[in-house]
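Two complexes, one shared chain (chain A), two partners (chain B, chain C).
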Partner chain A sequence: MKRYLFNTRAYAYVAVFVALLFLPRFLGAYHLMMFESGLAFAIMAMAHNLLLRYGGLLSFGHGAYFACGAYGVGLLARYYPDHFSFELAILCALALSLAISVLFGFLVVRHTRIFFSILTLALSMLIFAILVKAYNFTGGSDGIRVEIPTFFGYEFDMRRIQFLVGPYYYILLGVFTAATLTLLAIVNSPFGKALQATRDNELRAEMIGAQVKKTRWYAFVISGLFAGLAGAVWSFVNGHITPEISDWVFSGEIVYMVLLGGFMVFEGPIVGALVFTYLKLYAISSTEYWMLIIGSTLVILVLLLPGGITGGFRSLFLRLKR
Partner chain B sequence: MLEVSNLVKSFGKFMVINGAEFTIQENEIVGLLGPNGAGKTTLVNLISGHLFPDSGAIMLSGRNITKAPPYQRIKLGIARNFQITQLFEELIVLDNVRNCLLSLQNKLNRFFKPASAYKEATEEALEILDTFNLGRFAGELAANLSEGDKKILDTAMAFALRSKFLLLDEPTSGVATADKFKVMDTIIQAIKDRGTATMIIEHDMDIVSDYCQKVMVLSEGRILAQGEPQAVMENQLVQETLFGVSDE
Partner chain C sequence: MGLIYTLNGFYFAAFLFLTSLGLSIILGVMGILNLAHGALYAIGGFVAAYIIGLMGGDAIVLIIIASALCAMIAAGLTGMVEETTLIKPMYRRPLEYQLLITFGALLIIEDLIKLIFGGESRYASAPFDAMGSVRIAESTYPLYFLFVMAVALVAGLLIFWLMSRTRVGIMLRAIEMDREMAQAMGIPMRKLSVMAFVLGASLAGLSGALVVPTTPAVLGMGMEPLIMAFIVVVIGGLGSLKGAFLGSLIVGQTRSFGIVYFPEMEMPLLFLIAVIILVVKPEGLFGQK
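And now, the complex of A and B:
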């Protein structure tokens, strides 16, 4: 049974991956770029769900780590434009988000439930304040422009749009695939099981010898790292970064993506992030009251489909199988 | 092997454990009796490291563990179950036990390789589940087990920690009366096979006298009496405390 499930999942992954490889043939430049943002958000949402689904911890400040990643790239672009390569930019992004999530994680894992959520929110606003106020260093609310990077020594001599719909799509797809497989491996690893154990029963986890706070801290750092990675790959797509991505509104959108896609299924956040990207796009382009659409979707979701899109499909599938 | 001396623990002004002293030998299975509120569970919490005493000492094989955190005590060989079952309900039964084994092998911080690829731990977990007649539930979520089976799984998890000293807090409460002795037989057989020293808290006198070589009676935070089950039960003071009867 389990083997069978694993195989179907593996086949589905391969099928989706192949389909994604050919996607640029079917999507226009604009939609492909939207899809790229969606993929970056998907990494972000999976990182968030590592804490929510597997750690039982709802972070309301994940924008901060996303911003760390994006600013890791941005600051490199701003201060060392001669060394602005993709690989170095990713390293800077990971280093910055690692440093911040190690520090913040150490503080927040002392608490769970609403206290955890509020603490993450408060700390993310600290990052927001720094990004806005340290104008000379970060460019303040004007943000930083992100140019086309070199890629392992190779220079892309093309316009931004060509870069994005061409080579960058495959780079991003590679990063996305690697991130998905790594996170999937982590949730099934002994560490992932220990994390789920701390979620289910803190007392028992401690009494089988797991170190609860340490486990949560590690999970927080891993989540922060992937959030940073997402921010980094997103910054190239957007071409410009501003402190808004560390604002609580964006952190709220991350939670929204995860809930929309369904947090009980590992792949749920991916679906959520992609659907949200398009939902927001169409909502904004169709009415100035777009927030109303987003908000009412959330209400409908919570009332009718608490398991999100993937949760809905799963229960439908289970009902049909019976 | 386990030595408890002059243990004191109070919650506010209320002295729950008030100078408890006892020793438990290797291979010994000891029953702990006492009226409600005597401090039995607190004693278990103190020995397992869930609580720390105000004063007194706990020694395991000559090593002072009074202030050691739970995870160290587990590595040193103290494991416990819970009177009110504490499981990882949203993990499958196999994972509940396998987590214990992986913890023991210091592998809970391993990333990437799936837990199911740890063959040794997986096979041992399945063996333990078979020992406790839970093998057929290995792939079920722990939350879906019956109350009785949850209780047995709880004990199996404590057992999986391969301790030198095992604390069993009412291992059969919540198990159907008809099954009680069957469950106890299983548990005791497994313990004896390994030669684990064990302290069992139990309300059921028949269970205590059937399975324990020694009985201790805890009352108002002290050990009131200890010795062979028969002798202790006949002790008048014990009868008064436990059953509230006294010869006129």
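And now, the complex of A and C:
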């Protein structure tokens, strides 16, 4: 308890949380919705970083689990519109992403490094192919509309935009906070330490009793679950889901978010996801050649600022302190 | 019809082989997975379509040679620029940066193609039409398909000869085996890295050039071949030429027969086969542990 009470990080968390509570007063509807998708992506990026930073595994197909979450919500909306409640939708999303990440995780954790990346990428394209080809079931490339859900029996009788800038912001903030704290707890748990041991030295971890493959598999499943959660909460913000989120280009953008924020800091991916959301919005709205902008900033980032935004601040801070 | 399906399978395999060969050389020699490989393929496609459209319908042999050569040069040059500016600082960096920088290169190249050639698709079926077709087993079969298979076979043999018999190939294989030792032995790493990258890139350009007579060049045309090439590389084993060859055959035939017997589901079927191979032999058919 003491460890948490007298911790500057804990105070910073509380301060940021309070600031976020009052954010809707300062942001317009449009920017608040952008911020909401940014928050959803932030959960996604943290889930991805659990594997990258703590497991040393670079997934290039995390969009697949994000898509599983979104389609868990979408399929419920499509086939059981009468039972379309937020809590049930989240459960469906978690169930679907759990099933897929257990299955895929079993296959991919037998590999590390580049083989792991290629495999996760290829498997995400399998999900993409299924989502597109099984159009009778999933709506194909047209996707599925996601309406306003009920929330524990309460019905929101309002327009979509009102729902998004009003109650949904606080629901999403709650989910985001819970996800962040849970992931932080996982990272600092014995399991998290075992995962880091498998990253640093596979053989040594095995020798001191960590079950390397199993640890990686569990980490993969946890990461997939949180990715699914992110996809689920994002689908309500976007109001419409398409198979594109399972395309590997989106998975590449996830990696970009994580590195943009700085993957060596736990909170880095959050910063990265928010900045990336605005960067992409700005690029798309200002030019037809937005990929050129995203690509160039990506290249510059990798070449000049490998620690990402938080890494850059940290080294600046350390330099000033000296 | 079985013979035609088998031939179609070989035809798919020929493309896959050319694409995955380039990817595999770069991956094997330099340990870098070039996500922009599909974009280089698209460059080949657009340049070839442009050349074919420019030259019209006569002198078909000349057109094919010119379009393929220009496509290879364009893709090779782009590859060279990519290697010397972006990839060069990446060799000592961790995997995530290597992958991300090639991803950035992909985004940039895709938009540059849009900037140069415009957004609309380009048709260039002249070589395909001019070659006509032959009769095989009571049905007509496009001669162009057989031509592509021959090109892939010749290219494969050339690369195999290059890698196993020539001095450059031996040095490349030495780098593949042990980078540090190769450097210590005085092998010119910089020169060979650029060379391997240009070779891989121009192979992508070649297969892009060969595809435009049958399907128009469109933006994002390199995405599907890239994924297919990944599957081939996974099945065959990272960086193995033999693996790329056998993997292409497996994927090509599966796709051809899959389209006939399990329409719409040929992609999942491919993955199923890849998964079975990986469970039985995790490092791929010809991969090293």
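A few points about this structure:
The rule is simple: the second predicted complex is superposed on the first by the 316 of 322 C-alpha atoms of A that agree within 3 Å, B and C clash if a C-alpha of one lies under 4 Å from a C-alpha of the other, contacts with A are read in each partner's own complex, and residues count from 1 in each chain.
Basically, a contact is a pair of C-beta atoms (placed from the backbone, for glycine too) under 8 Å apart; a residue touches a chain by one contact, two chains touch by 3 or more.
Since the structure is predicted, the reported quantities are computational estimates derived from the model, not experimental observations.
Taken together in the superposed arrangement on chain A, chain B and chain C fit without clashing.
Taking the C-alpha centre of chain A as the vertex, the lines to the centres of chain B and chain C open to an angle of 80 degrees, rounded to the nearest 10.
In the overlay built on the shared chain, the residue A:Ala29 is in contact with neither chain B nor chain C.
When the two structures are aligned on the shared chain, A:Leu292 is found in touch with chain C, with no touch to chain B. By the touch criterion defined above, A:Arg204 reaches chain B but does not reach chain C. Set side by side, chain B and chain C differ in how many residues of chain A they touch, and the one touching more is C. Legend: residue contacts after superposition of the two complexes on their common chain; A:Ile114 is shown touching chain C, with no touch to chain B.
In the superposed pair of complexes, A:Met125 makes contact with chain C only, with no contact to chain B. With chain A fitted onto itself, chain B and chain C come no nearer than 15 Å, counting C-alpha atoms only. Chain A makes touch with chain B in their complex at residues 1-2, 182, 185-186, 188-194, 196-197, 199-201, 203-211, 215, 218. Every residue of chain C that touches chain A in the complex is listed here, in rising order: 27, 31, 33, 35, 86, 89-90, 93, 95-97, 99-101, 103-108, 110-112, 114-115, 223, 227, 230-231, 233-234, 238, 264-265, 267-268, 271, 274-275, 278-279, 282. Against chain C, in their complex, chain A makes its touches with residues 52, 58, 60, 107, 110-111, 113-115, 117-119, 121-123, 125-126, 129-130, 133, 248-249, 252, 255-256, 259, 263, 288-292, 294-296, 298-299, 302-303, 306. Those residues of chain B whose C-beta lies close enough to touch chain A in the complex are 48, 50, 70-71, 74-75, 79-80, 82, 86-91, 95, 98-100, 102-104, 107-116, 118, 139, 157, 161.
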